[in-house]
Structure formats: C-alpha cells, structure tokens
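Across the two complexes that follow, chain A remains constant while its partner is chain B and subsequently chain C.
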Partner chain A sequence: MVKSENKSEKAAKIVFITAACFSIVAVFAIVLFIFASAFPALQEIGTFKFLFGSKWFPKQDEYGLLPMIVATLLVTVSALLIGGAFGIFTAIFVVYFCPKKLKGFFNQIIVLLAGIPSIIYGFFGMIVLSPALKSLFNAESGNGLLASALILGLMILPTVTSLTKNALESVPRSYSEGSLALGASREQTIFRIDLPAAKTGVLSALTLGAGRAIGETMAVLVVCGNSAAFPDGLFSPIRPLTVNIVNEMGYAMGLHRQALFATGLVLLVFIFLLNGFLAFIKREKKEKDEANRTLVGGGAGEYIYKVRGMGSKILSVVSCLIAAVVVLVLGILIGYILVNGLPEISLDFLFGKPTYKTPTLLGAFVSTGWIILLSLLIAIPLGVGAAIFLVEYTKPGSKLVKVIRVFIDTLSGIPSIVFGLFGMIAFCAGGKSLFAGALTLSLMILPTVIRSVEESLLAVQNSVREGSLALGATKVRTIFKVVLPSALSGVVTAIILSVGRIVSESAALIFTAGSLPMVPSSPLDSGSTFAVLMYNFTAENPNMEAAYATATVLLMLVFLVNLAAYFCEKKWKKNK
Partner chain B sequence: MKTIEQFKFENKIAVEIREMDLFYGNFQALKKINMTIPENRITAMIGPSGCGKSTLLKSLNRMNDLVEGCRVEGVIQIGGQNIYDKAMNLSMLRKNVGMVFQRPNPFAMSVYDNIVYGPRTFGIKKKADLDEIVERSLKGAAMWEELKDRLNKSALGLSGGQQQRLCIARALAVEPQILLMDEPTSALDPISTGKIEELCTELKKDVTIVMVTHNMQQATRISDKTAFFLLGEMVEMGDTHKIFSMPENKKTEDYITGRFG
Partner chain C sequence: MKMKKLVAMVMALTAMGSVATFSACGDTQTIEIAGSTSVQPLMGVLADAYMAKHDDVQIKVEGGGSSIGVSNAKEGKGDFGMASKAVSETGVTAVKVCDDGIIVIVNKQSALTDVTGVQLFDLYVSGTALGAVTMPVTRESGSGTRDAFEGLVKGADGTKLETVSNRAPTQEFSSTGTAMTYVEQNANALGYISLGSYDQKKVKKLTFEGVEATAENVKNGSYKLARPFNILYNTEKSLSDAAQGFLDFILSKEGQAIVAEEGYITL
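Up next, the complex of A and B:
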C-alpha cells in the first residue's frame, strides 16, 4: 500500500516536470523548425546577400531583406518614441495625478487597450488615421512610416503604461518622503526621484514594448503602404519583416517560401536580442567601480535658495493632457467602429449561411468556439502542471527553475507570425485545420497560463499545505485536494486571459487554421475566427460593411472578456 | 523666481505651539498642545508608542499634509510665522525645517548626488558651489574623512549608520535652521547611535534640534529640554535634568521609572 503510493508520487512528479519542461521543448522546436526551413534559402542566396541585399524581387529570385530590416527598425524606434513617451506619461498620471475615483476607470482603459485585437488597430488606422494624416499633411497617401509608427505606438502604449505603473508603485515611499522633507515640490519629487528610481522597470517596459512592435503584423499590414523599398520620408510606403511574411506566404513556393521563413528567422533573432537585453537590465547590478569625484574648491560659501520646479510642473500638466489624449483616442476608436458597425449587424449576417458573395459570421462562431475549447484543453493542463512543478516541487533560487523561466519568457516574446510559421510546418501536414490552429495557439497562451496559475499558487499560505501533510496526506493529494482548490482563481484568470488572447489573434491562425468564411463541420476542417475574418474583410477580400460589423462583434467579445476578468478579480479580492 | 528667506527667530524662540489640535479623520491624535521650543537647543519628545509625539514632529514641517484626512487646528509659529497659514510656502518651510527619518532613506544615487539633491532643487547649479556644499555638509555630519574617497559610490552601499549620517548631511546641505529627528537611531547599532548623538551635540551650535526618541537614556544624554507625551496630550515639559530627577507630574514619574510604556 505504502509502496504503491510512493510510486504514484513519483509518477506525478515526473508528469509535472514534463509539463514544466514543455516550454523548453517548444522554444527549441520553434527555432529548429524555422531554422531548418530557412536554411536552404540562406545557403542558396547567401546569408550576407540575403541580409544586406537591397532588392526583393521574388519573380527574379532576388531576395535582399535590407529594406525590410531598415523598415522594421525605423518603425519600431518611432513607435517606441511615441508609445513610450505617451505610455510613461500616462503611467505617471495614473499613479500620481489621477483622482482616486478615476483610477479604476483608467486601469480598465489600459486593460482594454491591451485587449483590443491588432487587426482592429490596423482597421482603425486604415479608416480613420490614414485619411486624417492624408488630409492633414496633404500627402499622396496617409499610409506609410508615420501611420505605422502611430498605430504601433498606440498598441505598445498599454504594455509600457502598465509596466511603468508597476515600477513607479514599487518605488519605496521613503524616497519621496526624503525628497519632500527637503522642500522639493511634489512634481519635482516625481520627476527627479521616483521616475529615476523606477528606471529599471521603465527600461524593461520599453524593451517589451519594442518586442511587441517588432513582432506586430496585422496592425501595420494595412497602413504600412507595403513597398519593399527603403523609406525616405514620413509618408514613404514601407514593408516591415512581419508584413513581408504575411503578404507573400499565401502563394510562395520553393526558394521564395524558404526566404520567407528566413525572414521569420531574422525576426526571431531580433526578439532574442531584445530578450538578452532585458535579462541584462534586470540582472542585479554590482556596484560600479567608478573613478572618484574630485572636488574643485572655490564655492561661494553663501547661497541664495530659490523656489524652482516650473519644469516639473509643466511635465505634470503634460502627463494629464496625454492621459486625456489616450482616453480620447480610445473613445474615437470604439465610437467610430460601433457607430458604423452596429447598423451593419443583422441576424442574417451573424448566423446566416455564408456564400462567397455574402459572407456571414456563422463559421467564425463555430471556429472560434472550437479553437478556444481545444487550445484550453491542451494549454490548461500543461500550464497547471508546469506551475505546480515550479511552485510545489522546487526550492527558491533553483537553477532548473531559472532556466525554465527564461524559456517561458522567451516563448511569450515570440511574435505571433512566427508561431504561425511554426504551426504551418509542424501541424499542417494534412492541410490547414482548426486543430492545427488550436495547437499553435495553445503554445502561445501557455506562458500566460503558467504565470497566472503560479501566482495564485504562491498566494496559498504554507500553513495550509502543512496542515494537510500533518494529517498524513501525500504531497499529490495535498496539491490536488487542498492547494489547487484555493488557487482556483488563478486557473479561472488564466482561462479568461487565454480566451481574450485567442479571440484577438489572427496572424498565427491565417496559415494554420485558414481564413475563409466557411462553416467547418469538424475540428479537422479549416475555418476562421472572428479576428481572421476581420483580416479577410480588410485585406484579402475587402468588404467594408462586413469589416465594420465583424469589428463590432470582436469589440463586444473583448468587452465581455474584460468584464469577466474585472468581476472575477473583484470577487476574489473581496473574499480575501 | 522667488528667493527663499530664512525664518527670523526672536527671543531665542524657534517654535511656538499654541492650543494645537490634530485630527486623523474623526480621531483626535493631539489635544491642546502648548509648547515653546528654544533656539540652538536639543528638545527631546518622549512617551509611549501612539502618544502622538511623532505626529507632532511631523506637523512642524507639515509632512502630515501627506496623510489623508489629517487636519490641524490652532497655531504653530516658527519665527513668528504661522506655518499652517495659507500663504506659507511649503518649500520655504521644509528647506528651513529639515527632517531625518526613523529609517535611513538615502536616494538610490551616489553619495555626492544625494547631498546636492536639495541644493539643486533650489537652483544652485555651479559645480564649485555644489562641491563646496558637499564638503561642508559631510564635514558637518562628521563623515568627510570616511566618505571623501567614495563620493561617486552608491549611497545604498553604505552601512546603516553611515546611511543615517548621510541623511543628516543631506538635510544639512540646504542649511536648515531646525532639524527634526524622528527616532533617528532606533534602527542602528550602539556604536552608530553614539556617533549620531555626538553629532547632535556638535550641531546644536548652528541648528535647533527637535528629536523624538524611545530611548530615555538618549534623552538624558543629549537633550536640553524634554517634553513628555501621553495619549495625545503633552503632560509636562522642562529642563531635561529636572524632568528626569524630579518630575512635577505623577504620570511622568511613572513613565520614566518604567512603570508603564
């Protein structure tokens, strides 16, 4: 009896370790598969020629990626300047200047901004931003570098804001007290003490924002202008790396197809470089051996002290203005889509039988349902298992945990278009299918699942575990009967966050699950979710009415997900 | 740009508190406080935890303004000016009434930048001036010899006692007239405590010191005046040696002889 229990204990541990190591396997598999598919191209074209060639003419077998690399870097840097500045100032507003009653509202705004699908940002750019830029600057077309940078800036804003906010909130109060007690004004204290003290957090926020901007596909697809030439002005059409892949993958064959995988490989390299930089700034700093300061003599000895701080006062006003602009932009985005989209929604459009001429959303309901169900069925057990291993079976500071965590972070940073490429070669041997899409998405949501379950496991007090163990219960029994039930909130949060991510994902699904508005009859059929249909209606087969209506449905879904998350959080906070 | 003046003390009086009440929401934390704090002396405030002594200290540079729901009635005059007057400039007040906290709170910057933070805040920019201020302040806090070769090192790398003396030097850098110290040695070892007490005795030539302390030996060792607080009221104030040898009030006697607290 005792023996068999020992065996099951061991078996359980092996299961948990396997789940935890899955992220490592996934990252290696992605890198290997992409590399293997890209390698022939690098060999045939020559790595140097591929990276630094300036002409991309697939028909003449000329593959030079430099214009796209330059475009990606340029648009990322500009998005970072815009979104970074706006994000940091918004965070400053929320933490320091926001009236208490409005704090919850602003937090929800940031969550909402983060939850809006990228294809909707792209759509917004196409129908509102580009025309506005065109008439404002009298340009030939509003699309191009500036429009892409603005849309990407808006997209990375929530990332930058929420991480900067966390960093500012964790600056010790004693710092600001020390500064105020010296006579510095509140504004001076914020900009000269708190913000510099949160510097590491702000820098990681910007790095993650850069990662998001580099990997973003759908939002830039429709506003970038899509020309593989070097950008030479704010309105010059560009083509970032991601757009290069999504645009041509549909029909590419042979060397062309391999060259697109190589484009994905370059994207991966960029992301890994950013990850490395992130690890570098987060690592604990050793005290630097700087040369000592030598003082020069000759100070006046008697000083006139003056009331200063106009600069920080102005910056404070700027932060309030910027927060207002963010709310305004979100309001315009939602308002514009709802006003134009709601009249287009009809029962027939929602649930009617689709034909090629009159697409409906029926297929999207079925496909999205299947993909959510299947991805959760795969990712939740894996994620819970991994989280159990990380929290219940390891000692703090263990090397294995550190390694696993690096890989989980890496997995969460990989752009969705690269997941799409991987899913395409790994899961689509029998053609595109909902199942292949779900497999791909389960990899994408895994890091989120692990993280939120882990957090709630950590919140379970040790005394609870000890109480169960002291009664003679085995470790596995303790975990399943006592610990996991108290960590249920984490699992539910994980499910909600995952549903949000799945609903808004499009780039990873186009090449794995398909993009046509047909109704799938089984999970092995191809089918497209709402977000993918949205892509179809904006880019592949433009259909404005359908696009507005689908955008409206998507927005409603995002609202629902956010609402669910909000109420769950509220409920659990109350219970604690 | 407005120049920051100093308070003008008259009759050797630094602070004059009259009929002062302080509320946190509905809770009255201080009741009818009347107190006169003399210039260039060390005044100790003693009493059991929660008696309001730290609260009173923090109302002298209006750090209480940061506490939500805090309300002050009555008058606190420094150099004849009511510091709770609407016209009072907070920067002027806090520049002249410095503060040292219970736990050392150096900024995450170099030693040098910690000290010049205050002067820079008030518009002093010239390197020669800032250098002079650093040297003077560190000398004032008796740590010039210790730190003159480590000015560019992070202040967070110093020991707890050094950090606290650095915080004193930082406060001295803007030439305060009054220095408020909120149990400045309670987080420190006996040797560091000794150094800070010695420093206080040095400093009172130039600065008026008001110190909250839990340690009654400390009060007897360094303070000239002692005020005893209980349940939000000031029970008794007088020359330190008198308070500790023949207190007028029975409650004071009970407290200093260790019968409660």
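Up next, the complex of A and C:
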C-alpha cells in the first residue's frame, strides 16, 4: 500500500517536472527549427552580406537585410521615445495625481489599451492616423517612420505604464516620507526621489516595451510604407524585419523563403539580446538592494536643497495632460470604430451562411471557438503542471527553477510572427488547420498560464498544506484536493487572459490556421478567426463595411474579456 | 467541486465538438484550391455559384500567391492551383479561365487621364513626377499582379521594369485592398490593380497609351496591360469527379457569364 503510493507520488512528480521543462523544450525547438530553415540562406548568401547588404531584391537574388535592420531599430527607438515618455508620465499621473475615484477607471483604460488587437491598431493607423499626418505636415505620404512609431508607441504604452506603475508603488514609503520631512515639495519628491528609486522598474518596463515594438507585425504592416530602402526622414517609407517576413512569405520559394526565415532568426537574436539586458538590470538591482540594506540613509538628501521647484511643478502638469491625451486617443479609436461599425452589424452578417462573395462572421465564431478550446486544452494542463512543480516541489532560489524561469520569460518574449514561422514548419505538414493554429497559440499562452497559476498557488497559505499533510494526505492528494481548489482563481484568470490573447492574435494564425472565410467542418480544416477575417476584409477582398463591423465585434469581445477579468479579480479579492 | 464542474464542462464541450466533426463528414466532396490572390475573388464567386447548385460539394478557395498555386500543382497538393500570370512549368497543366486587364489607378481628384509605359517606368525607377503624381504605389515582391505589371512596363530603351533593382522610394502593399485604399486617400499616389477589382467610387482608372481598359480592348489586344488567369493542376494526377465538374462549370457558358459579370474578360 505504502509502496504503491510512493510510486504514484513519484509518477506525479515526473509529470510535473515534464510540464515545467516543456518551456525549455519549446524554446529550443523554436530556435532550432528557425535556424535550420535559415541556415542554407546564410550559407549561400553569406552571413555578412546578408546582414550588411543594403539591397533587397529577391527577383534577382539580392538579399541585403541592413535597411530592414536599420528600420526596425529606428522605429523601435522612436516608439520608445513616444510610448515610453507617455507611458511613464501616465503611470506617474495614476499613482500620484489621479483622484481616487478615477484610479479604477484609469487602470481599466490601460488594460483595455493592452487588449486591443494589433490588427485594429493597424486599421486605425491606415484609415485615420496616416491621412491625418499627411495633411497635417503636408507630407508626400502619411505612411512611414512617424506613423509606425506613433502606432507602436501607443501599443507599448500600456506595458510601460503598468510596469512603471508597479515599480513606483513598490518604492518604500520611508523614502518619500523622508523627503517630505526635509521640506521638499510633493512634486520634488515624486520626480527626484520616487522616480529615481524606481529606476530599475522603469528600465525593465522600457525593455519589455522595446521587445513588443520589435516584434509587432500586423499593426505596422499597413502604415510603414514598406519600402526596403534606408529611411531618410520622418515620412520616408520603412520596412521593419517583421513586415519583411509577413509581406513576402506567401510567395517565397527556395532561397527567398530561407532568407525570410533568416530574417526571423535576426529578429529572435534581437529579442534574446533584450532578454539578456533585462536579466542584467534585474541582477544589478538585486545587488544594489543588498548593498543598500547596510547603508541606511543614502545621499539623496543632498540634492534636495539644490533643486528649484518649478521644473518638477511643470512636470506634474505635463503628466496630467499626457494622461488626458491617452484617454482621448483611446476614446477616438474606439469611437471611430463603433460609429462606423455598429450600423454595419446585422444578424445576417453575424450568423448568416457565408459565401465567398458575401462573407459573414459565422465561420469566425466557429474557428475562434475551436482554437480557444484546443489551445486551452493543451496549455492549461501543461501550465498548471509547470506551476505546481515550480511552487510545490522546489525550494525558492533553486538553480533548476531559475533556469526554467529564464526559459518561460524567453518564450513569452518571442514575437508572434516567429511563432507563426515555427508553427508553419512544425505543425503544418498536412496543410494549414485550426489544430495547427491552436498548437502554435498554446505555446504562446503557456507563459501567461504558468505565471497566473503560480501566483495563485503562492497565495495559498502554508498552514493549509501542513494541515492536509498532518491529516495523513499524501502530497499529490494535498495538491489536488486542497491547494489547487483554493488556487482556482489563478486557473480562471489564466483562461480569461489566454482567451484575450487568442482573440486578438493574427500574425501567427495567418501562417498556421489559414484564412478561409468559410465555416470549418472540423478542427482539421483551415479557418479564420475574427482578427484574421478582419485583415482579409481590408486586404484581398476589400470590403470596408465588413472590416468596420468585424472590428466592432472584436472590440466587444475584448470588452467582454476585460469585464470578466475585472469581476473575477473583484470576486477573489473579496473572498480573501 | 468547482474543479469537477470545470472538467466536466470541458469534456462535454470536447464531446460536442467531436460529434459535430463526425456528423459533418457525410459524403461531401471537397475541392481545394489555392494560389494567386488576384484570382481568388473571382474563384470565390465561381465557387459560390457551383456550391449553390451542388449541395454535396465543398470548395475551399485560399490565397497564398501565384507561386503557391504553381508549386501546389507541381507537387500535386490540393486539387487546383491559381496563377495570375502565364505558366509554363513542366508537369503542370494550365487551363486559362479568363483574361484580366491591369489598370493604372490614381486618386479621384487627380487631373491625370492617360499614362504611357515610359512615363510609368520613369516614375517607378527615378521618381519622375507625372503632374501632381509623385508617389508610386507597388505590390509586394512575388505578387502575380506586380510580376505582370513589371514585365509589361518598359523604359524608353526597352528595358523591362522587372530587371531594374534601383528604384525610387515607393509605398508597397501586400494586397489589392490596401493599395487601393492608399490611392483613394492620397492625391499624389498612383498604383495598379486588377481590372476586376476596380471600384470607381474609390479611385480613377487611367487609359494606357491612349487605350481604355475595357473587356473589348483587352480581347482584341489593343490594351497592352493584360495577363491571363490560369487554373493549374498536376499533369500526372487525374482530377476527381468533383474537381472535373467544377472545371467544366468554369469553362461553360454559365461560368463565363459570371466571369463577365465580375468584370473580367471571357475566353
């Protein structure tokens, strides 16, 4: 009896370890597959010539990536300047200046901005932003560097804001109390004490923002101008790396195709560099924190007397203004789509039988449903297993946990277009299908699942575990009967977050699940989700009315997901 | 308790899904078509018409591009490939469905009415302005429409546009829709699209070297910017009954009537 129990305990542990190590396997598989598909191109073209060649002309087998690399770097830096500044100031506003009643509203605004699908940002850029820029600056074209940077800036704003907000909120209160006690004004305290103290958090917020900007595809695709030349002005057309892949993959054969995979490889290298930087600043921070512990009362006080108050005052006004601009932009975006889209929605458009000539959303309902169901069926057990291993079976600070965590972070930073490339070679041998799309997406949502389940497991008090064990329950029994049920909130949150991510994804699905606008009869058929269908309405079967209507439905889904998340959070919080 | 409910729900959903899967598997025959995104809209309408008449046939029309159409046919993947250019690949049988004109489009406000090949060449290569038009709009490399356009447009010395890799800055789009939207919004833009996709509410089409892009002028050869739409299949592979039926339908009077209705040029 005892022996068999031991066996099942061991078996369970092995299952959990396997689930936890899956992220490592996934990262290696992605890198290996992409590298293997890119290698022949690097060999034939020559790595140096590929990276530093300045002409991209596949027709004559010229593959120089430098203009795209420059474009990606330029657009990322500009997006960081815009989105970073706006994001940090918005965070400062929310933490320090926002009236208490509005705080919840602003938090929801940020969540909403983060949840809007990139395809909608791109559509907004194409229809509203680009023409506006053109007439405002009397430029040759509204599309180009500035338009892309603005759209990307808007997209990374929520990431920067929420992480900066967290960093500011975790600055010890004694810092600001000390500053205020020394006679500094509130504004001086915020900008001279709190913000510098939250430096590491802000820096990692910007790094994650940069990662998102580098990897974004569908939103830039329609506003970048897409010319593979070196940019020479704010309005010159650019082609970032991601756009190079999505634009030409459909057609590419042989060397051209391999060169596009090599483009994906370069993208991956950029992302890994950013991840490395992130790990570096986090470690720095840890060392500093430890050093600070012995050195109570730093030199910050010296500065205070030299500071004139005006600068900080102005900055605080700026932060209020910027927060207002963010709300305004979100309002315009949502308003514009709803005003144009709501009148186009009809019962027939939603649920009618689709034909190629008059498409409906019925197929998207079924396809999106299948992809959500299948990817959750894969990712939830894996993610829960991994989280259980990380929380229940390891000691804090163990090497294995550190390694696993690095890989989970890496997986979550990989751009969706790269997941798309991977899915295309790994899962699409039998053609594109909803199943292949779901497999790809399950990898993308896995880090989110692990993280939120992990958090809720950590919130379960140890006394609960000890009680169960003391009553004679085995460890596995304790986990499944006692710990996991009280951590259900994490699983539910994971499901909600995953649904949000799946609904808004497009780049990875175009390569794996296809874009057939019909109702799939099984998950082995290809089909298009709402986001992919919306892309098709702006692209090959131009149908602006349908595009607006689909965008409206997409926005509604995002609202619903956010609402569900909001109420769940409220409910669990109350229970505790 | 809650966990059990959740698990039960998931299982029920899965069961429902698989039942739906198997019940849908009846005896429908599927025809898979992929390839040129220019041919795709027409093929979709043809498929709609055919499926309306034949309940037991399901036709899947996907894009991908002409090169996908050719390579699928060559490898025997799916039933048909589509290509918006002439195809002379060994092992691939190409059946011409119709002809298509490529039209040069400008913003509705533009004063331009006609354009010559040399003017187009100079605009795309060196950015030579055409009146108020300064911004050439092009398609992504590999697009069948772009291939055909650049093969037909020649410079003063007879150089084909497709052989020139040094270009003026362009706005490049990966679809007819986005290219047309751009021209619609920008008074200084000029682009090219398939005649069948022309929407006179959005953009204005130009005559090419004095000839208007009409079905008749394409048919008699006086409008030079034209290319064939082909349906492709593997020469070695015998077509399924359903596929043969659909091909016959396209070439029939009824099918060709749809072709004409959609703005393409019948055989």
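In this text, the second predicted complex is superposed on the first by the 550 of 576 C-alpha atoms of A that agree within 3 Å, B and C clash if a C-alpha of one lies under 4 Å from a C-alpha of the other, contacts with A are read in each partner's own complex, and residues count from 1 in each chain.
We adopt the following convention: contacts are C-beta pairs under 8 Å (C-beta built on N, C-alpha and C of every residue); 3 or more make two chains touch, one makes a residue touch a chain.
In this text, all values refer to a predicted model and were calculated from it rather than measured experimentally.
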Residue contacts on chain A - larger count, chain B or chain C: C
Chain B versus chain C as contact partner of A:246, first or second or both or neither: second
Which superposed partner A:197 touches (first chain B, second chain C, both, neither): first
Touching partner for A:518 - first (chain B), second (chain C), both, neither: second
Chain B versus chain C as contact partner of A:506, first or second or both or neither: neither
First (chain B), second (chain C), both or neither touched by A:134: second
Partner chain(s) touched by A:60 [first = chain B, second = chain C, both, neither]: second
Touching partner for A:174 - first (chain B), second (chain C), both, neither: first
Partner chain in contact with A:236 - chain B first, chain C second, else both or neither: second
Contact residues of chain A, present in both the chain B and the chain C interface: none
Complex contact set, residues of chain B against chain A: 1-4, 61, 63, 66, 89-95, 98-99, 101, 103, 105-110, 112, 117-119, 121-124, 126-135, 149-154, 157, 167, 170-171, 174-175
Residue ranges of chain A in contact with chain C within the complex: 55, 57-60, 62, 126-127, 130-131, 134, 140-143, 221-222, 225-227, 229, 236-237, 239, 246-248, 250-253, 256, 355-357, 370, 373, 376-377, 431-432, 484-485, 488, 491, 514-516, 518, 521-523, 525-526, 537-542, 544
Residues of chain C touching chain A in the complex: 1-3, 6, 10, 13-14, 17, 20-21, 24-25, 37, 40-41, 43-45, 47-48, 51-52, 58, 60-68, 71, 77-78, 134-135, 140-143, 162-163, 165, 167, 169-178, 180-182, 185-186, 188-189, 197, 199
Chain A residues touching chain B - in the complex, by the definition given at the top: 172, 174-175, 177-185, 188, 192-193, 196-197, 287, 290-293, 295-301, 303-309
